[in-house]
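In what comes next, chain A is part of two complexes: it sits with chain B in the first one and with chain C in the second one.
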Partner chain A sequence: MTGNDLKSFTDKNQWLLSPTARALGALIIVFAMGLIFNADGAFLKWGTHRDMLRAVSVYGILACGMTIVIITGGIDLSVGSILALSAVSFSLMAIHFAMNPILAIIICLLIGTACGCSSGLLIGKYSVQPFIATLAMMVFGRGLAKWVSGGQKISTAVQQADGTYQYVEVPKVFDFVNSKVFADNITVVTLILIVCLVISWVLLTKLRQGRYIYAIGGNEEAARLSGVPVLSSKILTYGLSGLFCGIAGICQACQELQGDPEAGVAYELSAIAMVVIGGTSLKGGRGGIWLTLIGILTIGYLEKILSINAVGEDKRLMLTGAIIIAAVLLQKTRK
Partner chain B sequence: MKKLLFTILVVSLASLVCVVGCSRKTPASDADSPVKYKIGMSQCNLGEPWRVQMNADVKNAAEEYSEIEVIFKDAQNDTLKQRSHMEEFISAGVDIIIISPKESVPLVPIISQAYKNGIPVIILDRKIIGDDYTCFIGADNIEIGKAAGKWIAANLQGKGKVIELKGLMTTIAGQDRNSGFRQGIKDSDIEIIFEADMKWLEPNARKEMESALSRFEKIDLVYAHNDPGAHGAYLAAKAAGREKEIKFVGIDGLPQEGQIYVKQGVLAATFEYPTGGREAIEAALKLLAGQEVPKKITLPSKIYTPENIDQGGQHLK
Partner chain C sequence: MLEMQGIGKDFSGVKVLEDVCFNLAAGEVHVLAGENGAGKSTLIKVLGGVYTDHTGTVKLNGEVVNFKSVLDASKAGISIIYQELSLVGSMGVCDNVFLGREESKYSWLNKRAMLDYSAKIIKSLSLDIDLSSSVDEFSIGIQQMVEITKALAFDSKIIVMDEPTSALTEPEVEKLFDIIVKLKAEGCGIIYISHKMEEIYRIADRITVLRDGKYIGTEVAEKLPSQELIKWMVGRELNQQIPRHAPKVGEKRLEVKDIFVGGTASNPSPRVDNVSFSVRSGEILGIAGLQGSGNSELLNGIFGTYGSQATGSVQIDDEIYKPDSPAKMISRGMALLTNDRKQSGLVMEMNILRNVSLASLKRFSPHGWLRPAMEKASVEKITRSLNLKAESLYQDVDSLSGGNQQKVVMAKWVETRPKVLLLDEPTRGVDVGAKHEIYELMNSWTDQGIAIVLITSEMPELLGICDRILVMHRGKINAEFEISQATQEKILSAALGERVSQ
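So, the complex of A and B:
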């Protein structure tokens, strides 16, 4: 097909150039790879897809907050650290202090939101660049997570006064979040991801606050002059990202049956990759939550296909890099 | 606004002073304290539970002797930071240096400088190139891998389908635990049906195991290069309702990790990879008393199984 043919083809089929169609392109390619390299039929079983959705859920929850932040033209590097902080706090409260799980969940969500709001305040009020402010929060949050946990994993092995370890039962809330529902067809963490996606969708498309977020990403100065409350919108945006980190941290802890202060290292990069592969622009002002869902599925399927085929680590990294580039190039093709 | 900024600055500085102040509770600098010797301990990365345990072992052993004080430093997985630790120890004039080096080559010059200046250097866990150190204390990952392979072959009556979840094949520990294991199962009909790098991390192990479970109907045993890996694999099998038909074997055997997993019945066995923390303090005391210590101390490993866990495990032959 020559360039002109392609042009006339896309002229007739305008929908092919929509951001959603372009993002779907990468997903379809990856999915087709799965059908070809199906590892003796493993890819054709629903269980494989359910497990992929479980494995990708924590990243996906982080990507929800990241999408909103990126639409304002910002970035949030602190998501992995806040996730770890939430995971160790939750494990400490639920396992070691045997606290009421609802109370523990609320406190963790508040911790996450508070961390996010602090970043938002620094960015909105004191004009610190998002990269710097959230970088500082990333380092600070990791330190806080290590301090809270004493550098150790918070597990069901509780150290006694005499230095020996005593094993306690896993709280029920851990088993619940870690379980599967609807006749074992979907995991609870995936349902939590869907709830987060819906919350983000409602905020971005149904509420006035969502218009503010797009306006700030498009042109912050113009938004300010037309009366958009920039400061409160930014605090809300980063606070929401922090809230999602709190949720993701609880999911992480429940799946590992412990709170690991080293959890979530480099998760921010995966979350950003998911958002970008979906087609949300790092420049801000453009993008959407369903695009991010496509990004989440693309990365999830890619990892799953490489994993069921037992591809070596070196080739996995190269292939992942190549797919990211391919997906971003698909976004770039212009008519 | 300036006032607010100033207040934030003051509060954060004050809290910093508090935190630093609180963490130095030990009255080591009292004039009548019995401390006669200072030992510098440089740890390459306290992000790993096994290394946290190593420091705890050093600390617990040192607390039994009032005449020594240990100064702990964490290099946060950075070779250059660890080099500065050594420089600081040399200029502070500590009596003995214990170092668990991040890498075997780049730290050789600075370790050699300390050694030639007459400070005894005890190397823990990871060997360095050359002979400019006083004593090396460590366990042998190849031997542990071999023992694991032999135990697995015997446990499965010489035949079975096994999954190997590898640590990271760019680390010496990962390579040795892999090659030792392969030597151990050489004379059996054990078949490795699936292998993957899980980078020592539990969530990754769970992901890889899910893939293996969806691909293979029959799996007899999972051999993971560390206990978190074996535990992650167990969680994946449990979610699929197949944890009863598969055995799980790990390495490291930390009291709060592998040993608890064995007690819970999650792991069929774990092989201890001893930290050598206590042995390092014992060697340091010998050196301070003017005695000789061997150039190389190989630490014996233990196997923990549900049968022997209450007796404190069993030494490998």
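So, the complex of A and C:
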């Protein structure tokens, strides 16, 4: 009966009450703030938006994988560490070993995927709670990144056999990822984010596997008894999250022109925040990649607006926290 | 002592209760009957202070009361025991009994007093349980007794029980009825909601029937024969309670050999102990047994739910398999409708369409890519054939009534085109009309050559629809009856472990 009343209620206000509309609400408010506090018209220039997109891309790539993980009812705390591992590995191979960049990219993606799959295996096969399994991977991955890099930032200053440092040239692939295309209107990292969004969207809405992911998040037991391959789905989910971390790590290295083993600390929290602001439920079974895109833009614009208005980091963090709560409360009123 | 008049309630314009009256005298059991969706639960929630925005008046001992909250109602002496029990599983019996109303002094708990008091009530109910063990260690039956204890601990004079026996074993039901008699003697009024005819006539003093949110009538139980009651409930006469077609029994479809499912940590004796049986195409085999007899575990064992924990062999047509995983058993032509659609049948977060297609998704997604049009056409066809009542296939399943939810699960399994259909309590929590439809569906499936194995705790259903009945007791098959020889007495005594001549 409560279902019926909810239904007739949503019929009338269907669109306004849909998760998408609710998520858009927060974005629109933030955007309107930007129009009002436009810092002498800076907000009205496309360059500002392009820079916002560039700044938010690495987080957004992580949020793609995080969305899929959260839809299965899990969580992935290891994304920041895997990003750092990928970033140092990539810098090491591309800068110090002057390896073919394509090969270096493939190896980094494999490393990320392998890390994710290991978490997935622990979660799916040995029933370790996702929080615990990925927490362990977060610590392990950070350690691995430090070990690979020797605790140093991997930059263009390469130590020679005699102990002196010599600067090498930045490999072309770094410049490429940082470059702007389409008449300087968009950066390549943002294009990479878009590709990741599209991959996630296809998986979640067009493929059988995507349906399985929703079913597992909604009711794992019912899914298993309906013949859904739960173990392989979980390995794939966390593996994909790992793959996206690999991609994000490469982007991060290119943007910083170095591989920092300390990179990506607390990025998992930003990624989770983007997913949650979009309205994907941490309980699993509901949500979508478009919602996460809205979440990415909301956080991106918020940060950008505050920074062009020269608001200090202290206030920025406080406001971001408030926005997360506001967005989640907006979602809550659904029932 | 309770009088409800002109009760009305709507959910944003949809009337779910209209001008309903109901009264309850001290020391009586008043059964509230009606199909699912008739408004029984809503009426109870009005009484219990869950819904406060209703029309009409509620009088308690002659005085008009206006409950603002659940707490108000419970302070006024009204306790409601819902189907889904509201106990905190990880907490002890005593802690649960006093939850939210703890005895304390300067915010320090007075444990002694609470233990003594709950021990006294537990004893008066002639229960023997450890007050400090957490309640999830107990069976549903005992948990229900804990709920009753909770009600008694606060001097509730009106106790509402919403389908209390749906998950109880036969002895537990007896126990519950004993307690109801005791409560009556102490002057409590009991509102009892049930779908089970035998139960209603056993304990009811009076019966009130609701249909589609409207008050149909109240009558003393003896003056309302069951045919008449059913007529009141459904508004139509069911010419025959359970119509089994003459079965067209064919070749052997399923042969199960030496299925063994080990015990659990808390109960090490095997749940299913080397059970073998077979079913022919077009046949309905009933597996009777009290709760804990292992019949449900047997079906799950055959279906591969326990993976490698279950041993034995399952032969479908000419192929012999190990029952190692549900996914494999589904592809081999087996389907299992579990006894708890919310826990293991439906994905509540998904809509009807996605629930129905879930188990046969491979057919709708060649090379892994979904074909929405193909999926929708097929799901539309199957849900229409099952007469599913829903506004759209994109509706969430949690907005459906119990009967329609069950049809969604059935549609999911029939969509896999099974050869063998295992049905575990397919009519649990389903109203009379939908039950009838489910029987008709079982008839038509067997006509198509599907073999059905059925577990049901309702004796008339077992005797009415099955062609052959096995009775399980403590993980073993204790008796087998052709339907012509089966009687309620024989089945019950076999289920209780007695040797029965066949």
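FYI, the second predicted complex is superposed on the first by the 321 of 335 C-alpha atoms of A that agree within 3 Å, B and C clash if a C-alpha of one lies under 4 Å from a C-alpha of the other, contacts with A are read in each partner's own complex, and residues count from 1 in each chain.
Basically, a contact is a pair of C-beta atoms (placed from the backbone, for glycine too) under 8 Å apart; a residue touches a chain by one contact, two chains touch by 3 or more.
Just so we're clear, the structure is a prediction, and the values are computed from it rather than from any experiment.
S.K.: Please indicate which partner A:207 is in contact with in the superposed arrangement: first for chain B, second for chain C, both, or neither.
M.R.: It touches chain C, and chain B stays clear.
S.K.: Can A:90 be said to touch chain B (first), chain C (second), both, or neither?
M.R.: Neither partner.
S.K.: Classify the contacts of A:244 with the two partner chains as first (chain B alone), second (chain C alone), both, or neither.
M.R.: Neither partner.
S.K.: Based on the superposed arrangement, let me know which partner A:308 touches: chain B (first), chain C (second), both, or neither?
M.R.: So A:308 only meets chain B here.
S.K.: Once chain A of both complexes is superposed, is A:59 in touch with chain B (first), chain C (second), both, or neither?
M.R.: In the superposition, A:59 touches no partner, neither chain B nor chain C.
S.K.: After the superposition on A, what does A:178 contact: first (chain B), second (chain C), both or neither?
M.R.: After superposing on A, A:178 lies in contact with chain B but is clear of chain C.
S.K.: Tell me the contact category for A:39 with respect to chain B and chain C: first, second, both or neither.
M.R.: first
S.K.: Please write out, lowest number first, the residues of chain A touched by both chain B and chain C across the two complexes.
M.R.: Correct list for chain A: none, the interfaces share no residue.
S.K.: So in the complex, which bits of chain B are touching chain A?
M.R.: Those in contact with chain A are residues 5, 46-47, 49, 52, 60, 168-169, 194-197, 199, 202-203, 206-208, 210-211, 213-215, 232, 235-236, 239-240, 255-257, 259-260, 263-264.
S.K.: Taking the complex as given, what residues does chain A use to touch chain B?
M.R.: Listed in rising order, the residues of chain A that touch chain B are 39-40, 42, 45, 47-48, 51, 54-55, 126, 151-153, 155-157, 159, 163-165, 167, 178, 180, 187, 252, 255-257, 260, 262-263, 303-304, 307-308, 310, 312-313.
S.K.: Any idea which chain A residues touch chain C in the complex?
M.R.: 1-9, 206-212, 214-215, 217-219, 221-229, 284-286
S.K.: Going by the contact rule set out above, which residues of chain C touch chain A in the complex?
M.R.: Residues 10-14, 16, 37, 39, 41-42, 303, 305, 326-327, 330-331, 336, 338, 343-350, 354, 358-359, 361-362, 364-365, 368-370, 391, 395-396, 398-400, 412 of chain C touch chain A in their complex.
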